[in-house]
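Labels for the chains are A, B, C, D, E, F, G, H, I and J, by order of writing; each one numbers its residues from 1.
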Amino acid sequence: MLFHVRMDVAIPHDLDPEVRADLVAREKARALDLQASGVWPELWRIVGEYANVSIFDVESNDALHDLLASLPLFPFMSIQVTPLATHPSKLGA
Amino acid sequence: MLFHVRMDVAIPHDLDPEVRADLVAREKARALDLQASGVWPELWRIVGEYANVSIFDVESNDALHDLLASLPLFPFMSIQVTPLATHPSKLGA
Amino acid sequence: MLFHVRMDVAIPHDLDPEVRADLVAREKARALDLQASGVWPELWRIVGEYANVSIFDVESNDALHDLLASLPLFPFMSIQVTPLATHPSKLGA
Amino acid sequence: MLFHVRMDVAIPHDLDPEVRADLVAREKARALDLQASGVWPELWRIVGEYANVSIFDVESNDALHDLLASLPLFPFMSIQVTPLATHPSKLGA
Amino acid sequence: MLFHVRMDVAIPHDLDPEVRADLVAREKARALDLQASGVWPELWRIVGEYANVSIFDVESNDALHDLLASLPLFPFMSIQVTPLATHPSKLGA
Amino acid sequence: MLFHVRMDVAIPHDLDPEVRADLVAREKARALDLQASGVWPELWRIVGEYANVSIFDVESNDALHDLLASLPLFPFMSIQVTPLATHPSKLGA
Amino acid sequence: MLFHVRMDVAIPHDLDPEVRADLVAREKARALDLQASGVWPELWRIVGEYANVSIFDVESNDALHDLLASLPLFPFMSIQVTPLATHPSKLGA
Amino acid sequence: MLFHVRMDVAIPHDLDPEVRADLVAREKARALDLQASGVWPELWRIVGEYANVSIFDVESNDALHDLLASLPLFPFMSIQVTPLATHPSKLGA
Amino acid sequence: MLFHVRMDVAIPHDLDPEVRADLVAREKARALDLQASGVWPELWRIVGEYANVSIFDVESNDALHDLLASLPLFPFMSIQVTPLATHPSKLGA
Amino acid sequence: MLFHVRMDVAIPHDLDPEVRADLVAREKARALDLQASGVWPELWRIVGEYANVSIFDVESNDALHDLLASLPLFPFMSIQVTPLATHPSKLGA
């Protein structure tokens, strides 16, 4: 089941640089793991913004929330989730 | 080059039903053709709305505008285009 | 799987009164049927507005979109869907 | 009498971690107590956000404000209250 | 129990003038009746707008919705309801 | 001459607690004085928010600004003023 | 007593051209009369928009509403009124 | 003196097709004339929208308003004007 | 050439009080000087807000930006500039 | 390929003045370099704001994001990118 997710990152400028670097490194590792597991099939950078558009493929709403809340940057992100359905004009649908 | 496109459709309720049916049929045919050609790799329905989220893969901004303006429903859609870039945490990037 | 749905109804004032009455009657019948089937467990009127807040309980995003699109008033509603998850402070969760 | 309440939580990142942990623990305890008393029949997490949608069942506007203001996280929440009425298409209404 | 209500009126310009005049006359009569009954203690015009700010004093959310929906101009108004509580700094509170 | 005033209070969480307590106490004293003088006839809490809706009755715009700017919490409030006029459907108008 | 007023005009495109021309002519005549009387000291066009920014100098809120409602284009304008006070840094204040 | 202008076009769908075609043709002719005269140095289509971003180079605010109001599509456009100044980091500034 | 300018002031609450007092004093002196020079003919306080509406009369966009950027409070203000033109219904225009 | 870019700068007021001065100096140097290279053909100040409107001419979305992210002030800017296409009424198009 697919969900469209937009994440906007806003790390406070006065956060300790080491804490910040650690957060960003752990975020990347976690993102790679989740992509490798198949639940995060698409991930794009929005040009000019510290933000991404992603597609998640999960079993349930609860599973999606748990994944997003597990991201190290979760406390510093504004996240907007939009449920997706099959489009009747989709090729092959 | 990838673009994120959201299209919201608003066909006036007093449009002639035959004109409407013809528009919708031609829109579907055009959408299938464009998908088959490879420029419109993703197309999803937003749950509960007469709207879609799409990914287009085109050579240039001009090419994208020409594709969108060629859609039979173009005069009745509100379209929002967001350029996408490679995300540094994308698996395989 | 639960979804929070807000529906705002805006029937054009110049719609034929009989068409309107028929739409509204069929909407009510359809709403009662869906509630009886268990997929629409909650339905409230927002005070002062021609709008409702609902909770849907469905198997998938596709199932939810099909239900909403089957409502006779669908072409005249603005619908906003929000996926819900279990809250960690929910009694009994 | 039912009210729809949305709460968005924003705890400042530089709040003392012990103060924060204490606040969150007391918030949970208070939420469980209020639910057990019957005034807070529904509580859901919004997927991807540090926010909830709740239904409160209270005797009056004053009672609702007192309940919400008694939440330990009240100073760090943005709360939006919407009064609900019986829907004429509600099954059994 | 007090509620703050803002009503913005937008009668379509192509409505039949007699229908319009009748609506407006019946709206005024209904407003006077409701005020006389005590449920609508305050009613002010917003300067420069076809809109009002009102205070309603009712027993319940259901009672308020029924009152508002009974207004002849209800189909042509956008209404926003805000529940009010006693203010701790209110003189005599 | 009546004005509708909405005040939203946002005291920074890191303000010294004594300074804050003093501000809040002086705000309440000032509010009581102004109400006793007749210029602030109505004051309600908005349910769930650190905000109020008020009615002021003053001689002029200058008088209203001076009153509002004299509130101890003025530097921490967002204030929105709306001029009110007599409504033609007001009972007794 | 001064008020800042912004008026945005939106005459429906399908209004009878003669009715429209008559409205616009009467609006201009009324505007000139009000300016000559001293209550409308400033009137500017906003560049690129069918809108104006005005300053009104009136005795009361009621007087201002009556003036604005007397404008022939009132039913086709969206009007936003902002009360002004003397600025402490105004030269000569 | 440079101004940034965004124009969004919204021609009503029920406008007579010949009137529409005539308007669009005259708009194009006028746009070409104005560009040739040097006052409209830049004109771009916004991808996916019936809208443009333009730069105008004029002597005064009055001159800009007269140019914009002279466009045949002016009654069907929403126009937003932003004054531009020399940027201190502009190469050659 | 006239411009409508709205300035909203937001000085951080934790700014050193002496720095703040100095800024405010220098702002007032600068405002008086500019008014005396004729480029800032109108300056009003918005009732209830730490904000003003002003009219500037300058030779060019560059001149206006330089004036605004020279204000000591410029780094703490949100400024919105709207170009004004002669109104065709202005008395004497 | 052209893109319209708006950048709003918001440097925290409590940033170390030397760090700030260094950032601003490096931003200017980088901006001059990029303009000299041809990828940033237009750069204007928005009157009254710490913001600019720019036109970028790049090979791809990825190239644009890399350029923007290389700006020393990138962490303190809010950036909005709009893809541009050739306008059919452009002189010479």
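By definition in this document, contacts are C-beta pairs under 8 Å (C-beta built on N, C-alpha and C of every residue); 3 or more make two chains touch, one makes a residue touch a chain.
Worth saying up front: this structure is predicted, and the values here are computed from it rather than measured.
J.: Of the chain pairs G-H and C-D, which one is connected by the greater count of C-beta contacts?
T.: Contact tally favours C-D.
J.: Identify which chain pair among A-C, A-J or C-D reproduces the interface of I-J, meaning that over half of its contact pairs, matched by residue number, are the same.
T.: When the contact pairs of I-J are compared with those in A-C, A-J or C-D, A-J matches.
J.: What's the chain with its C-alpha centre farthest out from chain B?
T.: F
J.: Between chain F and chain H, tell me the centre distance in angstrom, where each centre is the average of that chain's C-alpha atoms.
T.: Between these chains, centre-to-centre, one finds 45 Å.
J.: When the centre of a chain is set as the mean of its C-alpha atoms, what distance in Å lies between chain E and chain G?
T.: 27
J.: Do you know which chain A residues sit against two or more other chains?
T.: Only 2-3, 14, 45, 47, 61, 64-65, 81-86 qualify.
J.: According to the definition already given, which pairs of chains are in contact?
T.: Applying the touch rule to all chain pairs gives A-B, A-C, A-D, A-J, B-C, B-H, B-J, C-D, C-E, D-E, D-F, E-F, E-G, F-G, F-I, G-H, G-I, H-I, H-J, I-J.
J.: Please give the residue numbers of chain E that touch chain D in the complex, ascending.
T.: The touching residues are 1-3, 60-62, 64-66, 81-86.
J.: Okay, in this complex, where on chain E does chain C touch?
T.: Touching chain C: residues 3, 5, 12, 14-15, 61, 64-65, 68, 75-76, 79-81 of chain E.
J.: Would you mind writing out the residues of chain A in touch with chain J in their complex?
T.: 13-14, 45, 47-50
J.: Quick check: in the complex, which residue numbers of chain J touch chain H?
T.: 2, 4, 27-28, 31-32, 35-36, 42-47, 52-53, 82-91
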